[in-house]
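Chain IDs A, B, C and D follow the sequence of writing; residue 1 opens each chain.
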């Protein structure tokens, strides 16, 4: 029996497989397909202080082995989450984590405060890397001082696991990871989407209403892997890796590069059952390769 | 008859299609397939002051709709180029441009000086963005001061067309484009490869001898297009766009986003005749869509 | 309605013309209940350039034989690969997705379709007939050979046609057909699916004549089951997902 | 040698066992001259995960019928898609690529192959025979069913075999075969292609006995014709491209 448990700096995961925010709804959308309690964790939709309508349609474009999205954090606000969604999902037997976003430091703080009061939410993922909103979002995650400002402020009001989600749209992601580690992050997750763009040559118009959007899917996997590896050399807190994971082999590559756990995003759209298959695949890989626990895979790449 | 000519800030191209450095040898490798004089320009292999052996094998890994390379600027040095290669290629009736790289500002300058003396080389492409060398290379292209230092120094010794090739591994590519424009660049080309990594989960080893390498191919197209568009908003000098161009439609998208010309890299490996097909495809597109000249496509995206 | 992911088997690929095929897919076991207006998300295998699934309406159901029909218009690589499926091939579906057309509260019903938008109307027509309502169809195309599957529709009710080039039926768009030109139309409910421009005109006509009108949208989708929020349509209540709150909307609910 | 890009037609796909096929490809017109040791770059169509071409050795040539044979071992998606090609399918090749085995200056010649590395040896055997030299072959595999195309080799000369499990021929690796164990081998030249570990052992043996030895490398390649510099091998003169300076090298020229 392989031990799949992962200790994410105090946050206990029954296995390293989580779902990426914005690609798994509130988890409920997948209940028909499998029991989501089988996962190590679920990152619910990006949540902000106030209701947001998100960006106009079209919000999606398929690209070579990837997709661009420009959802723009559509959500009904954290209070709605606390009042309406939380009661529905609070008894799901896995880590239900809230992805928190904001346009100002204050908004992050106020949102985190509300989530802090929700007993069965063991942690938040601070999204300082959303490329699809005009103010805040990615801007916070692309410089050390602003990243530090948000993390420090939220840390003061948030007691539980504080995961910080990093932007890949930077020159040196390790530097930002180090800065948020030094200022109270319990873990870092990466990568959020890469800023991209697609044009319809026939109509000579952008394919997204917002012109640019966030690139995800297998296309970005080599970049994501490299960033996980770079961050793993720089920080001591655990890393949650993501970006283009489609199967167990991809997930294992992220762990070998230094991730303690992984998130699956876009792949959920192609195969709604992909996450459980990845849990099974990691177990099988460990068995076949003589690893007694999944945690032995972390950073096990031989260079 | 569509007019395919492009005026690249004084450098006259018979059409917007060039080949990307490091993917087209010295052009000679393609002579069997077609007459390379049909192209707007050819960027020869990355050239340095001294002979370089490049990185150890393995240097290549296939990734989803892309590839990683870690060639590391293998070349025999600029003097060998001037003495041995130049005489063989100097009478090819297209723009033969030399891609120049270095580990120090001095190396760039000395190399550029040698190329400056070669009558039939109408320009250089200053590679301040190679991710595959330990010193210099990409480091110059990831901060404004260092980019400015190289460009300023080379501008002093180089009279002809000075194209500067930008790195996509940065937070704000437009800022760097602006800085090199202000310091003497005649045009900018982008993007060079994105730093990436691939792991073999079976052997638990990196697939490249250098662990990380440069990502190219269709996977990066959305990022490249976005960067071309961002730079087009920021600078007045012409932009040469590249990154994942596989066909005429891709090429046209780059022009619509703001590129005056384009380069084709990895696609040459998949179809050695792709560049002429792109020339023909652009002509056809212009005919079918009522453009009298290819230059009308530049920045013609309607937002 | 519970959703599933299953491998179906292609038991027939009937080519209607150069750009349309009807695929008949057999469920491995027992097909669950599905409603007209719902759709499936098809995994396109072996496509070098397709990555996401493709949403396709349920064209017809044969509950006894556990088969489902999809009407596919080949417009890009994904639909072309579907069109190239052979008997015996597997086809993985996420299904059934979305909401459905509701039954009318009156009896004079017109189903207006164009292009591949006629797909869900056949299933709906059958459903109406099963519920004692005789459907009439108004189907539009560019030219005669774009008017497909007409015989199937004729089995269910009266079929009016229009073609832009006049090669069959009334010349012009669906809106130019006499059935939609009278001042006192004998229509209580309209169900429409097709190009957005067509649906908008139909919806406007319905509004002007106080006819109830349900439209089925074909927004581009990444997931098809409410997970990504990419497929939104603007409604009176803000952005709503076409894949879960739709694809069927009352036309007056849309900000058209 | 001038290089071409052409669509060939698959006229036969002969399956040898669960992992090997021999494809016979017909040139649209007239096959140019090619030499043993050279290879082609195959464009793999419809592969969701293949992007670059795949290098494959020329297994055999029939100049009269303008056909070329490729021996393909299915080890990943690209080779599996090649193995799934049907009669009549098109197959786009860049060819002929690389250098070739040279003719020996003496007469006792052994061709040593393992796995898909036997592919170029058949063509070379035929070439040797045509030049009045009787080739002998030493072919190794894991077990009997990995010893493929033996009959074709037998037509050209004597064939020795080894299998790791002893299910056919001598038990062990090629180096364990008696023909390579004698202190005074009756071998002047060795040509070898196969797993690197095998070739290194063979090369060492050749060096010890002062036998001339040409090895054919299978480095991973992006282009196959000298444009990318990805495929280098370390030689006495530094990094050399396997696709243009190779795939055939004198074993003593390599830094092994």
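As a working rule, a contact is a pair of C-beta atoms (placed from the backbone, for glycine too) under 8 Å apart; a residue touches a chain by one contact, two chains touch by 3 or more.
Composition by chain, UniProt nomenclature: A, B = Dihydroorotate dehydrogenase; C, D = Dihydroorotate dehydrogenase B (NAD(+)), electron transfer subunit.
Note that the structure is predicted; figures quoted are calculated from it, not measured.
Between chain A and chain B, tell me the centre distance in angstrom, where each centre is the average of that chain's C-alpha atoms.
34
Between chain A and chain D, tell me the centre distance in angstrom, where each centre is the average of that chain's C-alpha atoms.
Here chain A and chain D have centroids separated by 47 Å.
Give, as an integer number of Å, the spacing between the C-alpha centres of chain D and chain B.
Here the centre of chain D sits 36 Å away from the centre of chain B.
In chain A, what residues contact two or more other chains?
63-66, 217-218
Which chain D residues touch at least two other chains?
50
Mapping chain-to-chain touches, which pattern fits: line, ring, star, complete or other?
Looks like a ring, each chain touching just two neighbours.
Every touching chain pair, please?
Those chain pairs which touch are A-B, A-C, B-D, C-D.
Taking the touch rule as given, give the residues of chain C at its contact with chain D in the complex, in rising order.
45-48, 50
Can you list the residues on chain C that touch chain A in the complex?
2-5, 43, 49-53, 94, 219-234, 238-239
Sort out for me which residues of chain A touch chain C in the complex.
22-25, 29-30, 32-33, 45, 53-54, 56-67, 69, 71, 74, 217-218, 266, 268-273
Please give the residue numbers of chain B that touch chain A in the complex, ascending.
63-66, 68, 142-143, 169-171, 194-199, 201, 204-206, 211-212, 215, 217-223, 225-226, 229, 244, 249, 252-253, 256-257, 285, 300-303
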